[in-house]
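Pasting the structures in now, so scroll down.
Two complexes come next, and they have one chain in common, subunit A, joined by subunit B in the first and subunit C in the second.
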Partner chain A sequence: MAPAPSKLYADDVSLVVVLLDTNPFFWSSSSLSFSQFLSHVLAFFNAILTLNQLNQVVVIATGYNSCDYIFDSSSDLNRSFENGRMPVMCSSLLQKLEEFLIKDEQFSKEEPDGRIKSSLLSGSLSMALCYIQRVFRSGALHPHPRVPIDSCYIGAQNSAFLQQASYITGGVHHKPQNLDGLFQYLMTIFATDLHSRSFLNLPKPVGVDFRASCFCHKDTIDMGYICSVCLSIFCKHHKKCSTCGSVFGQAQSEVASASDKKRKTPET
Partner chain B sequence: MASRHVTKRAKYKTTIKDPGTPGTLRLTLEKILFVPHNPKSAGKLDVEFRFIKGQKHTKEGSNKPPWLNLTNNQNGSFIFEFENYSDLQYCRDFVGKVLAKSGEVSEKPTVTYPDEQLSAAEMELRIKLLQEDSELQKLHKQFVLSDVLTEAEFWATRKKLLDTEANKKTKQRLGFKSAMISDIRPSTDGRTNKVTFNLTPEIILQIFAEKPAVHRAFLSYVPNKMSEKVFWTKYFRAEYLHSTKNSIAAAAEAAEDEELAVFLKLDDILASEARWKIRRVDPTLDMEADEGDDYTHLPDHGIFRDGSKDMTESQNELYRRTLSQDINRHAAVVLEGRAVDVDLDDTRAVAEALAWSKQESSTKRESDGDTNQERLARVSRMTEIEDLQGPNNLPSAPLCIKDPRDYFDSQQANALRTSGDALGRTEQIKCSLSTQEVYGSLRQSISVIKAMGLKDPIVKPEVAHQVFDALTNSISTTKYHIGKNPHESVLDRLPKKTKDELLHHWTSILELLKHFWASYPITTSYLYTKVNRLKDAISNIYPQLEEIKGSVPSELRHQVSLLVHPMLQALDAAIQHYEADMQKRSTGSVDKPNGYV
Partner chain C sequence: MPQVKIIAKNFMDMVASLPAIKLDMLYRNQFICEAILRSLPPLAKKYVLQMLYIDVPITSKSLQEWVIADGSSKHKVAIDRLIQLRVLEVIDRKKETAYKLNSTFQTNLRKHLINGGILPREPMPSNVTARLPTLEELDAYAHGQWECFLLQLISSGQAERSTSFSSSMMRIFQRGLLRQREKEVPRLTESGFQFLLMDTNAQLWYVIREYISNSEEQGVDQADLIAFLLELSFHTTGEAYSLNTLTDDQRAMIKDLADLGLVKLQQGRKESWFIPTKLATNLSVSLTDSSLRKQGFVVVETNFRLYAYSSSKLHCEILRLFSRVEYQLPNLIVGAITKESLYNAFENGITAEQIITFLQQNAHPRVAEKTPAVPENVTDQIRLWETDLNRVEMTPAHCYDEFPSRDVFEAASDFARVHCGLLWEDPKKMRMVVKAEIHMLMREHLRGNK
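Let's look at the complex of A and B:
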């Protein structure tokens, strides 16, 4: 019954690299509090580790000014943070997270204010992909790892980027409706390993928003202007391309306007 | 065609009974022109071949005068009476050829291009492309033949297609065989003392290419001093002498016959060429040898060679020709490639063509100063130490622009979006707190959770149950609508005809919109008319899409309308822009940015 793609994964071991968005500006104004969020998420990590002895979880915090690894289940450094109230791994993760936030705040003091308050997602994504490449180079469970990107979006709007990323890489994108039950969403959808996904039915979005985002404001647009040299997209007319520096065709239309000045009324 | 036009004296008759107006008939590839001798008479005729359907003529040998009757599309006829039947024949052939040529073109899309000159080759290329790709042909038929787009506009965006096709047309030229056929082994007849050499044009070409002295001799001796046959006989006599390895006899015969001596001597042209080449060896050439270069263990050095020459010494140096020299020369000629492309049967033509090509290459050599400089520069470049260099070629990834049809059915998401977030602005985080405050609150959450531990229970059972239900519900409904297989799309569930129609509409809408948006800002009147044409074509699509929706069974109607929705959105946006622009023009606002007309 299983079609050919499932043969890529012979077993149900997972390496899950989690990018945790710790943008303080978002969390301070979110309906779900950060501590509630953390408790769902920490339980989720624990659960993944119990599914299979060989499973591995790595957590990278995506901050406002920097990104860093805050947890790796395969390392032995987790022993030192004993705390009777919660599993050992959770306390070590929280400790590291706190240290990360202090450092991140330091960077804020050096930078001027007024930047768009977004997280450094591309940075942490690059870190995650490099980590995965390194593991597969040295390990070699699978010769050609396919890295599906799953995304769980918490927030009011929609992220076209995450939808597209999940669609293209073969992962699953979901926006939980009921945030009290976040843990249930995480367990049902995101804890599934790649081998099982070939016969499990995961929620599929009705459609993916393939619209591009403009380079100037990061808005998703249907129609815009494109630089013919580097294909950068802009939502309104610019004099110069901000990516490649090519000047857009001002000269031509200026000449045209000079010669056509005589004809004021269009020919019908 | 051999002739581009025909001019004959003839009489032009409008009907058979008409006595006919004498004059001159001139036929060109495009038209028929008849000018009467008497300028005052009314029989002048100027008709294009496009309108001529066919021709009839009276038969030679019958008692009728030589008449040629050309019928046109409106069933009229032009009758010409010639002076004799041979004239008639000539004209008839010419007309036949023109009609045949136009006949094969008229079945294909329109021939006249008022705004561009096309060569016949380019037209053939376009016709070929259209025939190969039915999708392209449908688009072409839909837009160009119904005058929405002109031929030039249609092909302007497909230059890449035309280029690749044109490149494919260049045929590979055959080179020489690597077997040394110029080393011919004669067939000997035991009874008589005759040896027979077989000579084909191919062999002649190879001989000329490999032995420039023979080539030169041919050019100078034939046909002045001797006939071709005699030439070749002498040549083979020389070959025979070589094969007997009797250098004494060779020397003797050479002394007698001057022409034979040419064949027996070493090729002096080759010798001088070799000396020239040695002076110009490229020092940067990498002479690393590997196993593939080891041919010494193969019989005959791996080259098939006619005839068997063994390696005995011969006393007369001048008349010695070694195997290695022959092989090297042959190899060099094969690698050079075929320099001439003429009909091989005419030996003289071959010889001349070869001489001409050699002359060209030798004049190229004369500009030696530059190449020397270039070589020196290259030498200095290559002696750089590679270890100390950085990488200087960056790998480039080819541009991969995906076919928009692949993403067609995933566009339903856009259809479901309400107008409220049509623009999808990124969520601007409204935060009135300062940086310090937000970080502080975050850290506090962490301390809270550290103190309290994880929530207990993590999730309330009824919430979990709700979530689970909702998920299962949505999974099963999408499965119903979209299909079990995650790779299956809505399109596959529609009947094939509808699917093809929808996809075709999608590509044609893309084509129209491409041209539409490219025409803005309108700076010339040409663009203005073009935009109007396109707008009319766009308006015609709406009813067609409605029709498709109607033709589908009711359970699929919703899917189809979801699929059609983004197309309608795109068309609406275009029409909106058009109308806004029209309004701006009609109100005549003076302040026009960017050179708007």
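Let's look at the complex of A and C:
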């Protein structure tokens, strides 16, 4: 899966920050090979840069141990090459990607096995949002940028998290049916600048699963416990919040039964 | 006051007006395809990308389904533009129209996206070129060349050196901007004043448009010139390209472009080369792009005084158009915006909006951060002074007098009111003023009544 937040300056100028999921555990079992996927995606980046001289593409790789920037089209090295842009972009991006993958794998050698090897999406999402904020601070045009998060999901199942994220931020979520034509999906749906989105018929969210999932097991739950400090959701009572570390008191149901007992005794 | 507007017509409109065969030849160049794509309205860009890999024609009904109801006007604009540039071909089937991308355009844009375009020339190695100018020096050079050209254009006699444009060429540029009566010094027309207040990009388009329109007479093919200019916009600013890589026609053009500040020509020991400046590489960007704003230099104070941090003669001339320049120091021009100076400007056909836009767009960085960049009392007053000249509104009219009876008068007055022509009436003395447009109708009416 590869989510992509986009930003608007004026009319159709766009800053697109792309989070590429590079988790090898996923890609080794995917029907679309990583190299084929990259060829679609690189052409997609080139198309965005072709559309407008001022468009900017930033790519952040999301590994299972770390996240890092692997491409920025506005950096000096990349900027001066309007001529022969594709070869330069490909070589620079692929080289950085390879270095990142090697480093990512090395991290897990230091850790014990057994941990679920999921992609660090929240980390790369934070990096992306911080980057966008920084760009807008220096621009002084839009103090509170509207950042829709588009997500393109590749894989057998569904991601409730990505569906919710795209729905809430006003982005588009799509799971391409025919992966041979991934480039066409990317062109039609994801290469739309924010200005044009208000006029085009893009995939609408159908049946977004809004149920919350608990932080300890990632199961969807209907009733549970919430930390009053950071609003993390748990399916059963914990002594301490795993996100913010605040200590919880007794569970409400235990307190009620204790006071009930106290009241009953004097009467009898 | 009649509003004459110079429409610095977009480069792309010129391209669109080329004959079909020439346009097809242009589309064989990948960079031109990219430049054309960039010039399209945003919706049109999307359509091109979506249809890039579709080989069969798409019916216009299917295309319409891509847009929601709100966007149908933008949809129409996009489709019309694509057809005008012959990017989209119309295939009229018996029942419904269908569209297909121009095959030359499609093939070359595909190649461009997948492989990336390579220019026909490479920058020269640095061991051959002597010390190249830095980007700042290049910017200053481009700016200087352009200013010199402009000063000569408005023939203020203040240009330090003359350009190598032939006088006939200069006359063509000046057409519409200057008016010369016999034995008189050429004066700027209304359009000329407006031209001076436009920003550099818009001025550049105007001049280049005139240059291209007249290239046929010089023996240069219009399409070739357009292709070369578009290709030039994809070169890297500040890099040296050998003159040997140019055709003869292009070599002739390059000298003219150097005079305008688009390229800098340099000579080494054995070879000579040209260096594109920012003016050239920004050619394919749209007119309204604000990132090309050069640094501002004007500070306007709330007491109507004007301080312009510039040593440019051109700036001084422009400020003199609407303000009273009081002192000119080596790096500072001091002036004041007065009622007389503004009346002078209005008489020459400049509008208050143009003056205010000029002041805002050229505001010194120190004041540009504040909102508003130009004090509100100044902008309000400029507008008020403009409306001063519009205080009296004239409408041709006729006065009717000596009505035989009150009934006839009232019938006539109702008639005029119904036809929205009644301007004034005096029931006591039975007089009224009616618009000239319905004078004949009134006469018929009055004759009918008698």
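The rule is simple: the second predicted complex is superposed on the first by the 198 of 268 C-alpha atoms of A that agree within 3 Å, B and C clash if a C-alpha of one lies under 4 Å from a C-alpha of the other, contacts with A are read in each partner's own complex, and residues count from 1 in each chain.
One rule holds for everything that comes next: a contact is a pair of C-beta atoms (placed from the backbone, for glycine too) under 8 Å apart; a residue touches a chain by one contact, two chains touch by 3 or more.
Keep in mind it's a predicted model, so treat the numbers as computed, not measured.
Asks: With the two structures laid over each other on chain A, which partner does A:Ser91 touch: subunit B (first), subunit C (second), both, or neither?
Replies: first
Asks: Between subunit B and subunit C, whom does A:Ala191 touch in the aligned arrangement: first, second, both, or neither?
Replies: second
Asks: Which of the two partners, first being subunit B and second being subunit C, lies in contact with A:Tyr69: first, second, both, or neither?
Replies: After superposition on chain A, A:Tyr69 lies in contact with neither partner.
Asks: May I ask you to decide whether A:Phe183 touches subunit B, subunit C, both, or neither, giving the answer as first, second, both or neither?
Replies: both
Asks: Check the residue A:Asn201 against both partner chains and state whether it touches subunit B (first), subunit C (second), both, or neither.
Replies: It touches subunit B and subunit C both.
Asks: Could you figure out whether subunit B or subunit C reaches more residues of subunit A?
Replies: The larger set of subunit A residues in touch belongs to B.
Asks: State whether A:Leu54 touches subunit B only (first), subunit C only (second), both chains, or neither.
Replies: Second partner only.
Asks: For A:Asp12, using the defined touch cut-off, is the partner it touches subunit B, subunit C, both, or neither? Pick first, second, both or neither.
Replies: Second partner only, subunit C.
Asks: Touching A:Tyr153, do we find subunit B (first), subunit C (second), both, or neither?
Replies: After superposing on A, A:Tyr153 lies clear of both subunit B and subunit C.
Asks: Which residues of subunit A are in contact with subunit B in one complex and with subunit C in the other?
Replies: Touching subunit B and subunit C on subunit A: residues 43, 83, 85-86, 183-184, 188, 201.
Asks: Name, in rising order, each residue of subunit B that touches subunit A in their complex.
Replies: 407, 409-417, 421, 423-431, 433, 435-439, 441-443, 445-446, 448-455, 458-460, 463-464, 466-468, 470-471, 474-475, 478-479, 481-482, 484, 486, 517, 521-525, 528, 569-570, 573, 585, 588, 592, 594-597
Asks: Would you tell me which residues of subunit A are touching subunit C in their complex?
Replies: Those in contact with subunit C are residues 10-12, 43, 46-47, 50-54, 80-89, 140, 183-184, 187-188, 191-193, 195-196, 198-201.
Asks: Subunit A touches which residues of subunit C in the complex?
Replies: On the subunit C side, the touching residues are 34, 37-38, 42-43, 45-46, 49-50, 52-53, 65-68, 70-71, 74-75, 112-119, 234-236, 281, 284-285, 289-291, 369.
Asks: Can you list the subunit A residues touching subunit B in their complex?
Replies: 22-29, 33-36, 38-40, 42-43, 83, 85-86, 90-91, 94, 97-98, 101-102, 104-105, 108, 113, 116-118, 155-158, 160, 163, 167, 176-178, 180-185, 188-189, 201-211, 217-223, 237, 250, 252-257, 260, 263-267
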